[in-house]
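This is the structure I have questions about; it appears just below.
The first chain written gets the first letter, and so on, giving A, B, C and D; residue counts start at 1 in each chain.
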Amino acid sequence: MIRSDNGYFGEFGGRFVPEILLPALTELEDLFFGLRDDPDFWEEYVTLCQEFSGRPTPLTPLRRLSKQLGGAQIWLKREDLNHSGAHKINNVLGQGLLVQRMGKQRVIAETGAGQHGLATAIMAARLGLEATIYMGAEDIERQYSNVFWMRQLGSNVVGVTTGAQTLKEALDEALRDWAASVETTHYVLGTACGPAPFPELVSYFQSIISDEIKEQSQRQMGRLPDEIVACVGGGSNAMGAFGAFLEDHEVALVGVEAGGLSLEDGKHSVRLSHNTGETGIAQGYKTLFLQNDDGQLGDTHSIAAGLDYVGVSPILAYLSQQGRVIPESATDDEVTEAFSLLMKTEGIIPALESAHGLAGGFKRAREMRPDQNVVINLSGRGDKDIFNIARAFPQREWTEFLQREAARSTELLAQKRGH
Amino acid sequence: MFPAQYDDLQIMSHAVVGFPSLEENEKAIAGLAAAGVKLIELQVPFSDPVADGHTLVNACYEALKHGGSVQATLDLAQRVCARHPEVTFILMSYLNPLYRYGLEDLFEQAAAAGIRGMIVPDWPVEEIEPWLPKLDALGLAPILMVTPNTSPERVAKITRASRGMVYVVSRMGVTGHETQWGEKFQNYIAEIRKHTDLPLAVGFGVRTADDLEALAGKAEVAAFCSQYIEWQRDDGSEVAAQKMHSIIETIPQA
Amino acid sequence: MIRSDNGYFGEFGGRFVPEILLPALTELEDLFFGLRDDPDFWEEYVTLCQEFSGRPTPLTPLRRLSKQLGGAQIWLKREDLNHSGAHKINNVLGQGLLVQRMGKQRVIAETGAGQHGLATAIMAARLGLEATIYMGAEDIERQYSNVFWMRQLGSNVVGVTTGAQTLKEALDEALRDWAASVETTHYVLGTACGPAPFPELVSYFQSIISDEIKEQSQRQMGRLPDEIVACVGGGSNAMGAFGAFLEDHEVALVGVEAGGLSLEDGKHSVRLSHNTGETGIAQGYKTLFLQNDDGQLGDTHSIAAGLDYVGVSPILAYLSQQGRVIPESATDDEVTEAFSLLMKTEGIIPALESAHGLAGGFKRAREMRPDQNVVINLSGRGDKDIFNIARAFPQREWTEFLQREAARSTELLAQKRGH
Amino acid sequence: MFPAQYDDLQIMSHAVVGFPSLEENEKAIAGLAAAGVKLIELQVPFSDPVADGHTLVNACYEALKHGGSVQATLDLAQRVCARHPEVTFILMSYLNPLYRYGLEDLFEQAAAAGIRGMIVPDWPVEEIEPWLPKLDALGLAPILMVTPNTSPERVAKITRASRGMVYVVSRMGVTGHETQWGEKFQNYIAEIRKHTDLPLAVGFGVRTADDLEALAGKAEVAAFCSQYIEWQRDDGSEVAAQKMHSIIETIPQA
C-alpha cells in the first residue's frame, strides 16, 4: 500500500483540524503505524473479516455479459456479498480492532446514505460499544430504512439539521462531537478521506480487496487483470481495489465518479476529472473539492447517495494527478442502464454506487480485446436500498404498495398503542 | 491593540460577515464598540465550520446567503477598522476561503485593511510556522489555540508561534455549551502561562456574567461570541449591544 | 445424505401427481440419480456456489451472546451471506445445472414470501433462461419488494388469485403451468417437499451447508458440534444443515417450526411436534400436513412468511418420527425477542425465518454447558424484508417515512408520465 | 353403466359437491339427467385441486364454504344414484380427502351408495394396483388417465389397471383451455386403443359443439365439465341444463 509523506500524498492530505482533535489523531496514527507492518495484526484482521463478514469475497466471471458486449472478459469483485452488503464493513471492522486496543467504549460516525452508519452500528453491536451515528436530517428523511436498522441494532442516530442537512454537515457534526468526547470516543471515519491518518488507515484496511483480487486473478485468469475499475465516492472502495496494484504498471486503474445529471454546478460529484474539482482544505484535509471561488464547498448530486460527496480521497487526487489512476465518470442515465443490464444478464443486483463502476467498466471493456480482463469492484448490493432504486425506476405498482403499506403501518401502530 | 499580560479582563465579541446582513454588520459593530468591546472577530462565513457550535453554524449558513465572503470581510474590515480605531479587529476564518483567495494576498490585504490578528481554527501550527516572518512583517498576529488535551510540548510550540494572544479553549468540545471555571481550569491556565507571556483569550462556553466574574483576574480576554450572536439573532443588533453593555458593566475591575 | 426407498422415507414421500407430470419427474430423477454420485458434478456445483454466491459461508462464533446466555458456545452458520441473502440460492443454482443439462430454456417456480422466487429469478438471469414466478396475489400485496426485484431481474411474476391467494395456491398454479409446459420447462421447486425426486434433490444440493459445517467445526471447535438447530418451513435449510450429520448420533439435530400466535388452528405452522400435523397426501407427496378431518389443507400463520407452509419435508417427517430430529417450535413473540437479541448483541440482522432457529437454539444453549457447542443455521438475512420486520416492530417514524415515500413516489410517477 | 367400445359419443358432465350449494347440486344433477347426460362426475371439493383449471378451482373454493366434503358427496351420491338409475355416477376427488376418510371405508361406502367409478388425478397407478382386487369386488371402477406424454409402457400399465373407461387427457395442460382434434390427436387415440378395449373418455378442453362433432366416432365419452360449470356459475343450473340439452342434440349419431 501507498504510504504518506508525513500525512501528505504529493500536495494532498495533511491534517487540518481544530487543535483539540490532534491528540486523538496522533494516538490513532501511532497505534496504526505500530501495527500496520505487523503480520499478526493483519492476520487478526483477515480472520475477523473471514469469520464475521464471509471474506474472501469471490471474483465472479460475467460470461454472458462479456460475450454480449463483445470486448474484454469482465469480472466482478463481489464486495456486495460482505456482511452488511458493502465494502464499508471492512474498514469498520479494522477500526473496531483499533478501538479495542485503545480501550475506548464509544464510537461515532457520519453517514450519508446510511451504509457506513449501518456498518458502524453493526461493528458496535458486535463489540459491545456505544455508538452514535450522525446523519443529515434530509438524508434520514430519504434513507429511513437504514436508520431503522441502525436503531434496531442499538445505535443512537442523530439527525443533523444544520446547513443542507446532508453528509457534509453530518461529517462536521461528528467532528464536533469528537471534539467534545475525544478522550473516550473513537471517530470511525467511513472513507479514505479526512485528516491523516484516516486516508492511509482506511486504504490499508480496504486493501484486503486488492490483495484478494491479486491472488484470485492469478488463480482464475492465470495472470493479473488488464484493468481494475471502481466507483469513487470518498474513495475507499477504489483504494481498496487498487491498493495492491499500484506498482503493477501493466494494470490500468480506473476510478468512476458520479457524472450525475450534467457537469453544471450542483448536478454532479465529479472532482477528479473535467477540472470541476479544485484544490482546497476542508473537513480536515487538503484535496480536490467542488467549491466556488470563495472556497465555499459546493452542492453535489448523484443518483447514488454514497457518491454524493464534495471531496475525494487525497490519495486518489494524487494518483490521478500522477496519471496512475484514470478518472472517468458516468451519468445517472448511464448508471441506470448498467444497473439493469447487470441484473437482467447476470442476476446480480448492484448498489447504485457500484453501478457507476459498471457503467465505466462496461464502456471500457467494449473497446478491449476478448483476451483481456477487466475487474470491476462491485462495492455493494442494491437490495439494501430498494427505496433509492425504486426512485430511479418509478413504477405504479410500487407507489400503490407504499400507499397500502403506509395504511397498514398506521393500523399496526394504532393496535400497538391499544395494547 | 492587544491587551498586555495581566490586564483587566476584556471582552472579545463577534461578527459573522453577512449575518444577519452586510449592512447590519456595520451597525452591530458600532453597537459593540459603543458598548465597550475592545476586540471583535470578523468571521468569514464558511460552508463547513467544523469548530463552531450550532449558533455559529447556522449564522454562517445564513451569512453565505446574504453575501458573506472573504472579499466582503475585507471590505467590511476596511470600513470598521477606520471607523473604530479603539477596537482591535481580528479575522476569524476557516482555512479554505483564505486558501482559495490566496494566502499571501489575503494577509497583505487584511493587514492593509487594518486587521491586527487572525484566528483560523483548522490551521495547524506546523502549517503556520513557515508564514511567521511574513505575518510578523505585516503586523498580523496569528492567534493560535491551545486546548485542555494539548500536550506540554505542543503548548510550547503553539505559544511560540502565537502572536498578540493565545486562544485558550476552555474545555473539550465546540462553541456554545456550558463549562466550568474551577480548580482544574485554573491549573490549566497556570500551565499555559508557564510557556508564554502573551495574554490569554479564553473561549468556548463564556455566556453569562457569572462566567465573566469567574474569569476576571484569570485571563485577559473572554471570547463572548455565541451568546452575543444569539442575542443578535433573537433580539436584533441594538438590543444585543445593550445587553453586551450591561454585561460588560458587571465585570469586576482589579 | 439420506436416500429414499423408491421416493419414500418411511411412510412419507412418494410422487402423487397428475400423470402428465410423471415423465418430467422421471427424467429429472434419472438425471439426478446419474449425477449425484459423480464427484465431478459435485465439484462443478461447489465451484458455481463459490464463484457466484461466495461459498463457503463462515461459521461465526457468538462470543458475547454465548457469555451473556451463560450456556453452550453458540455458532451461526452464515447462510445470510449468500448471494440473494438466503440459503435458497444453493438449491436453485444446483437445479440450474440440471436445467442446462436437460437443455430446457424456461423455468417456473412458486414463491411465498418471495425469497425462492427471487433466487430463481437470479439464476434465470444468470443462465439466460425465461422465468415465470407464481406468487399468491395476497403475498404480492404484502411482499411487493421481492416482486419489484424479480421483475427488475426480467422475470414474469404472475399473481395467483385462486383460494386464499398465498403460497399453497401459488404452488398449485405452478404445477398447472408445468402440466401444460413440461416438455420445455423445468419446475424449480424451492424446498425439500413435493413429489419425488424433489425432497431428495433439494436436500442433496442444500447439504453443502452441513458439509461445510462439518469441516468448519472440526477446524474451529476441534470436534463436531453437540447440536445443530435450524428453522423448518418446507425443510430445505434444515435438511441442508443436518444432512451430513445424520450418521453422527452424538450430534443432536433440532428443527424449529413456527409456533405463531398459539397452537389454535390457523394460528401457527407446527406440523412435526404437538400432534398438530396429520399424515396426508397433497401437492404431490405424502407427509404431515395441517388439515381438517375432511382432508382439506388448513390455514397457517407465522410472523415469518417463509415458514408459513402447510406441509413439511417428508424427510423431516420421517426423521422426526424416528427420533433422529428433535422438533421444537418458537412463538412469534419468542422470535422477535431472539431477533432483537442477536442484532443488539452481535450486529447480525437475521431473517424472521432464521430467528425461529435462534429462539429455539438460544433456549437450548442456555441449558447446556459452556464446553458444549451449538450451531444455529442462520438461513437468511433480515434486511431483505424490512417491510415484514417493520410490521413486527411498529414504529411511528417508519409509518411517517412510508407516507412521505408514497407521496414522493406518486410525484416521480407523474414526472415520468410528463416526459 | 359405462359405454361399450365404439358406442356413440356420450357426454360426461360434472357436479362439484357444494357448488353453488348442496341443494342446488341435486337440482342440477336432475337437470343434467333430463338433458340426456349419461355419466356424471361428483367432485369432492378440495383445497388444492392441482389438476383443475381456474373454473373448477374456484368452484371447489366456493363448494368448501358451502359444506362440500367427502361425507356430503357420499350422501348426495346415495340420493342421486337412487333417483337417476339411468345415469352412471363417478366419484371424482383428489386423494387426500379420500385418504383421510379411510380408503377402505370410502370404497365400500361409495359402492354402497351406487357410485360406479372413480377418477383421482393425483393417485398414480402404482398406488392403485394393490387396491384392484378390492375395487373389483366392489364393482368400483378406477378410471385412470393417460396423457400425450405418457410412454407406451406406461400406457400399457395404466390401461391394465383401469376399469370401465380410460380417461384420455386430450393435451398438455389443465382443464378449461382450447385444444385441437387433428391428426396428431387421432394418432394418439389410436396408440391408446392398441393397449385396451375399454371405451375412451376424452377430457380437458371439450367446450363446444364443434369439439363434440370432432370427437364423435373417435371416442366413446366426452368430458364436458368446465364449460358446464361456467354455465352453471353464470346462468344458474336450469339454463345450464338447457344449454347442455341443446349441445347434446348436436352430437352426430352413427
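Please note the rule applied: a residue touches a chain if its C-beta (ideal position, glycine included) is under 8 Å from a C-beta of that chain, and two chains touch if they have at least 3 such contacts.
Model, not experiment: these values are computed from the prediction.
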Inter-centroid spacing, chain D versus chain A (mean Cα positions, whole Å):
65
Hey, how far is the Cα centre of chain C from the one of chain D, in Å?
37
Quick one: chain B and chain D, Cα centre-to-centre, how many Å?
97
So chain D residues touching two or more other chains come to none
Hey, how would you classify the chain contact layout here, line, ring, star, complete or other?
line
Which chains touch which?
A-B, A-C, C-D
Under the touch definition given earlier, write down the residues of chain C that touch chain A in their complex.
50-54, 57-61, 64, 78, 80-83, 85, 121-126, 128, 141, 144-145, 147-149, 152-154, 340, 343-349, 383-384, 386-387, 389-391, 393-399, 401-406, 408-410, 412-413, 415-416
Hey, which residues of chain B end up touching chain A in the complex?
46-54, 57-58, 61, 64, 69-71, 94-101, 121-124, 127, 144-151, 154, 158, 169, 172-174, 177
Given the complex, residues on chain C that touch chain D span 14-20, 22-23, 162-163, 168-169, 172, 175-176, 179-183, 278, 280-284, 289, 291, 293-297
